[in-house]
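Just passing along the structure, written as structure tokens.
Chain nomenclature is as follows: A, B, C and D, assigned in order of appearance, with residue numbering initiated at 1 for each chain independently.
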Amino acid sequence: MNNPPTALQDQFVEMPQQKEAATLGMWTFLATEVLFFGAMFMSYITYRTAYPRAFALASHHTILLFGTINTAILLTSSLTMALAVQAAKESNSRWLFRFLVATVLFGVAFLGVKGLEYHQDIADHLWPGPHFKSGLPPEAQIFWVLYWIMTGVHALHVTVGIVLLSIMALMARRQKFSGAYYTPVENSGLYWHFVDVIWIFLYPLLYLIHRYAA
Amino acid sequence: MNTTVESSEIFVPAREPKTYLTEGRTLKSWLLTTDHKRIGLLYLYSLLVYFTIAAIAAALMRLELITPAGDMVTSETYNKLFTIHGTLMVWFFLIPSIPAVLGNFVIPMMIGARDVAFPRLNLLSWYIFNIGGSLALYSVLFGGVDTGWTFYTPYSSTYANSHVIAMAAGIFIAGFGTILTGLNFIITIHKLRAPGMTWFRMPLFLWSMYSTSVIMVLATPVLAMTLALMSIERIWGVGVFDPKLGGDPVLFQHLFWFYSHPAVYIMILPGMGVVSELITCFSRKQIFGYHFVAFASVAIAVLGFLVWGHHMFVAGESIYAGIVFSFLSYMVSVPSAIKVFNWTMTLYRGSISFETPMLYALGFIGLFTVGGLTGLFLAAVGLDVHVTDTYFVVAHFHYIMVGGMVTAFMGGLHYWWPKITGRMYPEKLGQLAALIMYIGFNLTFFPQFILGYLGMPRRYHAYAPEFQIYNVMSSAGASILGVGYLLPLIYFIWSLKHGKKAPANPWNATGLEWQTTSPPPKHNFKETPVVTGPPYQYSAEETEIALHKPAKEQRAAS
Amino acid sequence: MNFPLFPDEASAAARQTDYLYCALIGVSLVTMAVVFVPIVIFLFKYRRGKKADRSPVHLPEMKIEITWTIIPMIIFTGLFAWGTEVFWNVERPPANAMEIDVVGKQWMWKIQHPEGKREIDELHVPLGRTVKLLLASQDVIHSFFLPEFRIKQDVVPGRYTTLWFKANKLGTFHLFCSEYCGTHHSAMIGHVIVMKPAAYEAWLTQGETSGTLAQSGERLYRELGCSGCHENSTIVHAPPLGGIFGKSVPLQTGQFVTVDEGYIRDSILLPAKDIAAGYTNDMPSFQGRVNEEQLQQLVAYIKSLPAPVPNNSIQEAK
Amino acid sequence: MKTANAPKKMYIRIWIALLALLALTWGLSEVDLGPFNNVAALGISAAKTLLVVLFFMHVRYEPKLTWIFVSAGLIWLLIMVDLTMSDYVTRGNVRPTGQSWRHTGQIDPATPATRSPD
């Protein structure tokens, strides 16, 4: 085996062991994240069951076009991420760098669209509180509280992902990775895909309730 | 354990070998250490701070409760005292106690590893934990919190006038420390076991720590998000639990207890693991029913997630859900019962000696059994209607958490003290302290069962006069208990300088951690040990030889 | 000195609960004997240095383990069944109960009797009659705890909970708030006074009242303008409310709702939640315009409305 | 995973499938399918998730242990949802079926007349 850029750490006996530990650690972290978002999904399910009508009415005020575009952006960013990991596996530093940058750019685009959407939501009086849009039942505010929290926490995760992948891109630039050692890229990728998966569920839950009735 | 270890046998006393303690003596070498043993000690120091504050709060509460009138402190202060006691004890002492201190110290050694899987992450956990702790202390020092450790909405989110956000943020942050510790242990146990250390050759402490880690990883994030939702509601005035919008405060309780009930098992499973180590070692017996004890830990961790609704029988939960949760609660007590029976059978035909750790282990069995049995009272949903939210509950969980976890923690600390420090603690004083603690504990908390059945609600600053007699007993017991805690603190510190030098294996125990020097070198073992057999290969018939006891006692024995 | 072990038994439920409690103490003592007696014997017999037969024996481990897994399971299932039976009785009010409304508020209990009598931190009830309490909270979660009756129910803001008992002993008993509710939680206490039925009737008529609870409710009903829509309005179509209580009503969604206090409450505060079939959601929320006591009065009024006779008129009903 | 270009092609095919599913879920949301709108929306999300997890995250090629870790989070989430809902669905007084008192003949037979005209 080529001497990897980052040496074997003291506590491990061999590289595969170290890599398996890191990957398994990442999956454990993602399991934690599932439950972290789980508390929000639980709240959502509870109230949607209790107030189906109010949730449908409230959800009609979300901006479907932005939501759909953002879903497409994140799905595409997952593709570039997967390709980045593949490039790393093939020791192709140049393409690794390019795909990572592409993923970061998609992430930034996602946040941009989300920002536009937030701007419009606020202009639309959809921020819960005393100035909340009139004409909606009180329970509709719960939908919007959840909308802001869920998309907000998700956006925070996207931001963390962007920072993480930017660091990876810089490291790739400096030739830190090779086919023998690319665990950080792989794990950042797992994180990025996870963020994508969360959005895959947020999209129908927040944007697609009873659309046909709108 | 049948092991082939070269290092411990070739012990060269001529030149003082470097230990993990002497490997760098600067403050920086401690604050930037990635050595799991040093991190364990860092946790021990910080826990001592949180424990002391929480214990002082408890002492003040017990003082206040000597008389029925609320005459010593105001009700506002009293409410802050029990909140400080609860939050600090639960999140900043009990949850990290055995896992972060003893777990960090012994897990890698027990599996024959050089360190945990992610040593830097381990250090980061300690910092995260203490950042959370500092926020909690900030909220304590600058006004306190008065929500109780349960943070029930809408009181916490709307009505409380205290530093709720700082405390919630502290717990939120410290929670990530716990998650990362759990993650680290899971991966360590999966990936770093020494050659030959199969799952069923692992000491039971590891099984219990593995189960604990699973709970830490899967339950803690829910608490974090729940407290975040509560804080958001408090900050912006609208939220998901707000009854004015149609929100349901009971949902907060569901989410809170989805974490907090399993968290109770974070606070007892490690104790069970320690006790399995102690009982076998001091009765020179292989554990009875190894597989059952091991799987009981896993069963408790999994079933522990299915029972949280028993905290909410009268909270407005549907009666059908109450009945389901009642049944599941009874089922989770089965594996605990199995463990107690197995420990009992382990003593059969053993060769039992009564060093301090063993006294704590026996104390654990007694107190845990009482705590567990009173759990059956609370799981009986019809009876719970009467005793929930009374002192009966207070007594019950103190029997589990203090009688169980803290007793086991003390037992474990005494047991591994020679390994940690290289010094022996004074045995006679240790035995005395264990006895004092046992008496003090029972006097403090047993009367509270009766108080609870009489109907004294918890979190009462002033109470009806007929409850006084039991409160006085309880407060008297608390002062004895206090002595029981102070004594070890004093002699532990004393032993650092003046304690007898500890041999590598003072208890003649079989765990891998005893196969290296006391204190161990930086990476634990000079050579990676190879495991060839099951754990706890003790023999009750060969105990008269090679014990650490003074020659006089050995002679008397033979 | 006096060492009480049980609170007074002032209801049938108290006796049931005490039996269960004693049975559990019995089970605990037996279990403790089963565990602690062998431990003490072993500790004595096999203490180090004492001569004893320590030769390893081969025990049928599997059989032993299965035995002590199955036996606790059976015992626990029995305890579960017993506990559930007590719970079932304690939680489900009988149909013929007299109803008293309770509002928990930081830090007092406000009680309204259907006859219009109101009291604070005291609850007068007649001996031997089934009493059902309708519990509401104006602010945070409280818990209505009567130790001598062995019952307790959290009072949750935003909804109604209920509690019932049948006092079988005359006297004054404790009323505690047992869910932490803020600064003066431990002062949110009071008494239940169990009186002979005749004395209770006499007590009800003492002092001034502003009419029955339903009458207060009716005044509110008119002040708030409910009658404008719910009584044969030609402009807005709102469901008539006469005789609706206790009935199963079809909803817009195709489901059915049993009209109880909770449904009436939700319909006033969250009118968009469950809309009766055939109606649109035109009703505004009265959130913030009525307090919990007024809500209970409105509920009492709507409950009191008789089913409409073909010539649908409230006046006639009175 | 052996030849150099095979995974790349596969990734692109999966991406196309993901976008197709997105279009499908978007389109279906505009059609009234009754209760099946929710089923369809969540089913499609689950399908998309499977594609991402199995291929983009390579779980398909991972050992069993990884599968266990991946499913743990999901199983625990289901525990939480399941037992919490065991409270909520048994709590209310709304039932899927019931007998309308209006149709029992007990009361006002002219009920439809009191209904709103729309």
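Going forward, a residue touches a chain if its C-beta (ideal position, glycine included) is under 8 Å from a C-beta of that chain, and two chains touch if they have at least 3 such contacts.
Worth saying up front: this structure is predicted, and the values here are computed from it rather than measured.
Student: Higher C-beta contact count, A-D or B-D?
Tutor: A-D
Student: Using C-alpha centroids, which chain lies at the maximum separation from subunit D?
Tutor: The most remote chain is B.
Student: Can you compute the centre-to-centre distance for subunit A and subunit D, using the mean CA position of each chain? Integer Å is fine.
Tutor: That gives a centre separation of 19 Å.
Student: Compute the distance, rounded to whole Å, between the mean C-alpha positions of subunit B and subunit D.
Tutor: 40
Student: If you average the CA atoms of subunit C and of subunit D, how many Å lie between those two points?
Tutor: Distance between chain centres: 36 Å.
Student: Residues of subunit B that touch two or more other chains: which are they?
Tutor: 190, 218, 222, 244, 246-248, 250-251, 254-255, 319
Student: Which residues belonging to subunit A are in contact with no fewer than two other chains?
Tutor: 24, 28, 31-33, 35, 38, 42, 46, 50-51, 54, 138-139
Student: Check each residue of subunit D and list the ones that touch at least two other chains.
Tutor: 65, 72-73, 76, 80, 84, 88
Student: Can you tell me, using the touch rule above, whether these chains form a line, ring, star, complete graph or other shape?
Tutor: complete
Student: Residues of subunit D touching subunit C in their complex?
Tutor: Touch residues, subunit D against subunit C: 93-102, 106-108, 110, 112, 114-118.
Student: Quick one: in the complex, what on subunit A touches subunit B?
Tutor: Against subunit B, the touching part of subunit A is residues 9-13, 17, 20-21, 24-25, 28-29, 31-33, 35-40, 42-43, 46-47, 50-51, 54, 128-129, 138-139, 141-142, 145-146, 149.
Student: Within their complex, state which residues of subunit C touch subunit B.
Tutor: 1-7, 16-17, 20-21, 24, 27-28, 31-32, 35-36, 38-39, 42-43, 46-49, 52-57, 59, 61, 64-65, 68-69, 72-73, 76-77, 79-80, 82-92, 106, 139-141, 143, 145, 147-148, 150-154, 156-159, 161, 174, 176-187, 189, 269-270, 273, 287-288
Student: Spell out the part of subunit C that touches subunit D in their complex, as residue ranges.
Tutor: Interface residues on the subunit C side: 237, 239-240, 243, 247-251, 254-258, 260, 262-263, 274, 277-280, 307-308, 310, 312.
Student: Considering the complex alone, what residue numbers of subunit C touch subunit A?
Tutor: Within the complex, subunit C touches subunit A at residues 253, 269-273, 275, 281, 285, 287.
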